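Across the two complexes that follow, chain A remains constant while its partner is chain B and subsequently chain C.
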Partner chain A sequence: MDFQFIVRVSPMFVKGAWLTVSLAFWGLVLSLTIGLFCALVRYWRWPVISRLAGVYIELARNTPLMIQLFFLYYGLPRLGVLLEGRTCAIVGLAFLGGGYMAEAIRGGLTAVSRGQIEAGLSIGFKRFDLLRYVILPQALAVSLPAITATCIFLIKETSVFSIVALPDLMYVAKDLLKEGHSTESNLLLVLSYLVIILPVSLVFGYLERRVRFAGFGD
Partner chain B sequence: MSPNDQVILKITDLKKRFDQTDVLNGISLDVRQGEVTVIIGPSGCGKSTLLRCLNGLEPINSGQIELNGQLLTAPGTDWSTVRQKIGMVFQNYELFPHLNVINNILLGPMKVQKRPRAEALAEAESWLDRVGLKDRALSYPRQLSGGQKQRVAIVRALCMAPEIMLFDEVTASLDPEMVREVLDVMLNLAKGGLTMLIVTHEMAFAKAVADRIIFMDDGLIVEQANPEDFFNHPESERAQRFLNIFQFGRVHRDKN
Partner chain C sequence: MLDSAISIFTAGRNMARIFEGLGVTLKISMISVLLSVLLGVPSGLLMSSKIRFCRLFFKLYLEFIRIMPILVLLFLFYYSLSSVFSINLPAMAVAILVFTLWGTAEMADLVRGAVTSLPKHQWESSRAIGLTEPQLNIYVIVPQAIRRLLPGVINLTTRMIKTTPFVFFINIPDLVKVAQQIVEVTGMKNLLASVWVYGLIFFIYFAICYPISLFSHYLEKVWQD
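== the complex of A and B ==
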C-alpha cells in the first residue's frame, strides 16, 4: 500500500466526489419531482397525459442510462441542441430516475384505501387538500423503502457520467488506473462511494422508522 | 327533546343501480330536525347505500335529495360544502393512521373550515372529555381499541358542526363489550337533540334510541313506525320474518 500516493491523490477524489454529489443531488430532486408528477397523473387517470406518462416510464426504465446519455450528448447536437456535460448528466439521471420514482410513488398511492379517501371526502376535503393531508402522507410512507432503493441506485448510476467527459469520482479513478496503483485507486473509489451513500441510507432508514404508522388496516 | 316539524332532509323517489342490479328502487323519506331515525333490514337491502348516496359518496340514478331546501341532486352541487353539514361515521372507523387523535379531529375544522386552532381545540377537547377519551388526545389510532377509535371518529364528525349525522353500521366491527361504549355515546347525542340517521343491526339499541324505525328490504321502505309498534306488532310479513331472526325459542330436550 503506497500511502504517499493516497495522500497525493486524495484531493482529486474529494473534488470528484463533490461533483458526483452535486450531480446526484440535482438528479434526485428532479427525479422525485418528475416521479411525483407522473405518479399523480397516472393515479388520477388524466386522459392522454396519463398514457404519455406511461410511455415515458417504460422508456426510462427499460433503456440503459449510458444510451440515454449518448443520445443527449452526441445525438442532440445533430438536432441543433447543444447541452454541456453537466446538464446532460443531470437531465439523463432525472430521466432515468423519474421513471423509477413514478412507479415507487404510484405503489404507495394505490395502497391508500378507498375508505380513507371517503373519510377525507366526508369531512369536506376537495381533491388537492385530500391529496395533501390524507393521501400523500400515507402513500409516501408506504413508498419510502422503494424511494430509498431508487435514490441509492441513482447515486451509483452516476458512475457512468465519465462518458460525457465529467471529472466525477469514476473519471478520477480511471485516470489514475493508467498510472498504475490500481489497488489504492480502487480502494479510494469504493470508500468515496461508501462515504456518499451510507449517510443517505442511514437518513432514509431513520425516516422509515419515523413513518411506521403506515401499518394500515386499522 | 322531541323532534319538531321542520324537515331537514327530504328524499324523494331515490333510485340507485350498480351495473345490472337495482339497489334502491325509489326511496322517499323525510327526516325532521332533532329526529333519530333508525334504518334496519336484511343484508343487501340497500340501507348502507342509501346513507352513502346522501353525502355524495355514491352517485344516484334518479330521484331527489334536499338538505334544508337545497337540492343536492342538482348538477354543480358543491359536495365539499354539503358534506360539512352531513357528518358520516363509518363501520371501519377510518381514522387517519398518520395523525394522532387530536389532529384527526382538528384536520377538518382547521384545514376545511379554516377555524382558528385555539377555538377548534377547545371544542375537540370538550367532546373528547364527554366521550371519555380526554387522556387519549395524543395517542395514535393504532394504539386505541376499536371502541375508542369509533368514539374518536364520532367526535371527528361532530366537530364539523354538522346539521345531521349518518351512522353506517358503526358497531358492526366491534367486540360486544365495546359495542356498548359506542352506543352509549350515541344515546347521549340523541338525548342532546342531534338529528341522526342510523343504520344498525343492534335491535335493542334501535328500540331505545329511535324516534322512528324504517324497515327496508329489496331497496324499498317496507314499513315505518315508532319503535314500540314496530317491534311489538310489525305489520308486514317481511318485517315479521326479519325480526324472528333475532328470537330464539327455549329448547326443550327429551330426557329419556
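== the complex of A and C ==
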C-alpha cells in the first residue's frame, strides 16, 4: 500500500466524484420528471401521446445506456446536432431513467384503488386536486421501493460516462492505471462509490419505512 | 443517404463481425445467467434459512454487489486481482466471473422473495392432508415458487444482456466494441457511419431484449394468483 500515492491522487477522486454526483443529480431529476409525465399520460390514456410514451418506455428500457450515449455523442453530430459531453451524459441518463421511472410510478398508480378515486370525486375534487391529494400520495408511497431501486441503478450507470470523454470517477481510475498502482486506485474507486451510493440507499430505506401508510383504504 | 448505410454493411466483413460481436455478447450473458441460476438457488435458500450467520453473510454480500457499479467490479477483478493475488484471468473469464457474482446476488434475492412470499398455510395444509416432506416440496412449494421466480429470472436475463456492453472497458470484442471499431475504420470516408452502425446496434439490443421482456410480462399476467 503506497500511502503517498493515495494522498496525492485523492483530490482527483474527489473531483471525479463531484462530477459523478452532479451528473447523476440532474439525470435523476430529469428522469423523475419524464417518468412521472409518461406514467400519468399512460394512466389517463391520452390518445396518441399515450402510445408514443409507451414506445419510448420500451425503447429506453430495452437498450443499454452505452449505445444510447454512443449514438448521442458520435451519431447525432453527423446529423447536425452537436452536443457536448456533459449534455450527452445527462440527456442519455434521463432518456434511460425516464423509461424506468415511468414503469416504477405506473406500478404505484395502478395500485390506487378505484374506491379512493370515486370517493375523491364524490366529495367534489377536481381532476388536479384529485391527483395532488388522493392519487399521487398513495401511488408514490407504493412505488417508492421501485423508485429507490431505479435511482441506485441510475447512479451506478453513470460509471460509463467516461466514454463521452467526461473526467468522472471511472475516468480517473482508468487514467491512473498507467501509473501502476491499480490496487490503491481501485480501492479509492470502490470507496468513492460507497460514499456516494450508501447514503442514498440509507436515506431511501428510511423514507420507505416512513411512508408505509399506503394501502390505507384497502 | 441509404446507400451510405448499404456501403458500410456490405463492405468487407463488417456484417459478419457484427454477428461475431453479438455472439460474444450472448455467450457472456447466457453463461452468466446459467451460472447465476445454479448458484443463486442454493444461496437464496440459505438466505431464507434460519441460520443467522448465513443470512447476515448473504445480506452483506447482496448489499455490496447492489451498491457497486458493475464496471467497478470489472475493474477490480481485471486489474487488481492480478496485482494483489497475482492471478491472471483472461478478460472473458473476468467478465463471466463478475456477471455471475452479480447475477447470483440478484438471483438469491429473487429466490428468497419467492420462498418467503408463500403463505404459511401452504405448508400447514400440506402437512394436514398427510403429505410427506419431499411430497410437500415437490407438489406444493417448488411449483409455486417457480411461478413466482420465472418472470424475475427472465428479467435478469435481459438485464444481463443490457449490462454486457461494460466488457468494452476490458477490451472484449463484444457487439459494442466491434461497432466502435467499424465506425473508426469507415468513419473517415463515410460521414454517416456512426449513425448507421450505432443505430443498428441499438435496434439489435432492442430486438433481443423486447421480446424477452414481453414474455416475462405475459408470464406475470398469466400466472397471477
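One rule holds for everything that comes next: the second predicted complex is superposed on the first by the 214 of 218 C-alpha atoms of A that agree within 3 Å, B and C clash if a C-alpha of one lies under 4 Å from a C-alpha of the other, contacts with A are read in each partner's own complex, and residues count from 1 in each chain.
We adopt the following convention: a residue touches a chain if its C-beta (ideal position, glycine included) is under 8 Å from a C-beta of that chain, and two chains touch if they have at least 3 such contacts.
The structure displayed is predicted, hence computed values, not measured ones.
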item	value
Room on chain A for both chain B and chain C (clash or fit)	fit
Contacts of A:Ile123 with chain B and chain C, given as first, second, both or neither	first
Partner chain in contact with A:Val164 - chain B first, chain C second, else both or neither	neither
Which superposed partner A:Cys88 touches (first chain B, second chain C, both, neither)	neither
Partner chain in contact with A:Phe71 - chain B first, chain C second, else both or neither	second
Chain B versus chain C as contact partner of A:Ile34, first or second or both or neither	neither
Partner touching more residues of chain A, whether chain B or chain C	C
Touching partner for A:Val134 - first (chain B), second (chain C), both, neither	first
Which superposed partner A:Leu144 touches (first chain B, second chain C, both, neither)	neither
First, second, both or neither for A:Gly115, with chain B first and chain C second	first
Where chain B and chain C come nearest after superposition, their Cα distance in Å	22
Contact footprint of chain A on chain B as seen in their complex	55-57, 79-81, 83-84, 86-88, 90, 92-98, 107-108, 111-113, 140-142, 146, 149, 156-157, 160
Complex contacts: residues of chain C adjacent to chain A	63, 66-72, 75-76, 79-80, 83-84, 158, 162-166, 168-169, 176, 179-180, 183, 191-195, 198-199, 201-202, 205-206, 209-210, 213
Contact set on chain A toward chain B in their complex	115-116, 118-126, 129, 133-134, 137-138, 141, 211, 213-216, 218
For the chain A and chain C complex, residues of the former touching the latter	58-59, 61-64, 66-68, 70-71, 74-76, 78-79, 152, 156-160, 163, 170, 173-174, 177, 182-183, 186, 189-190, 193-194, 197-198, 201
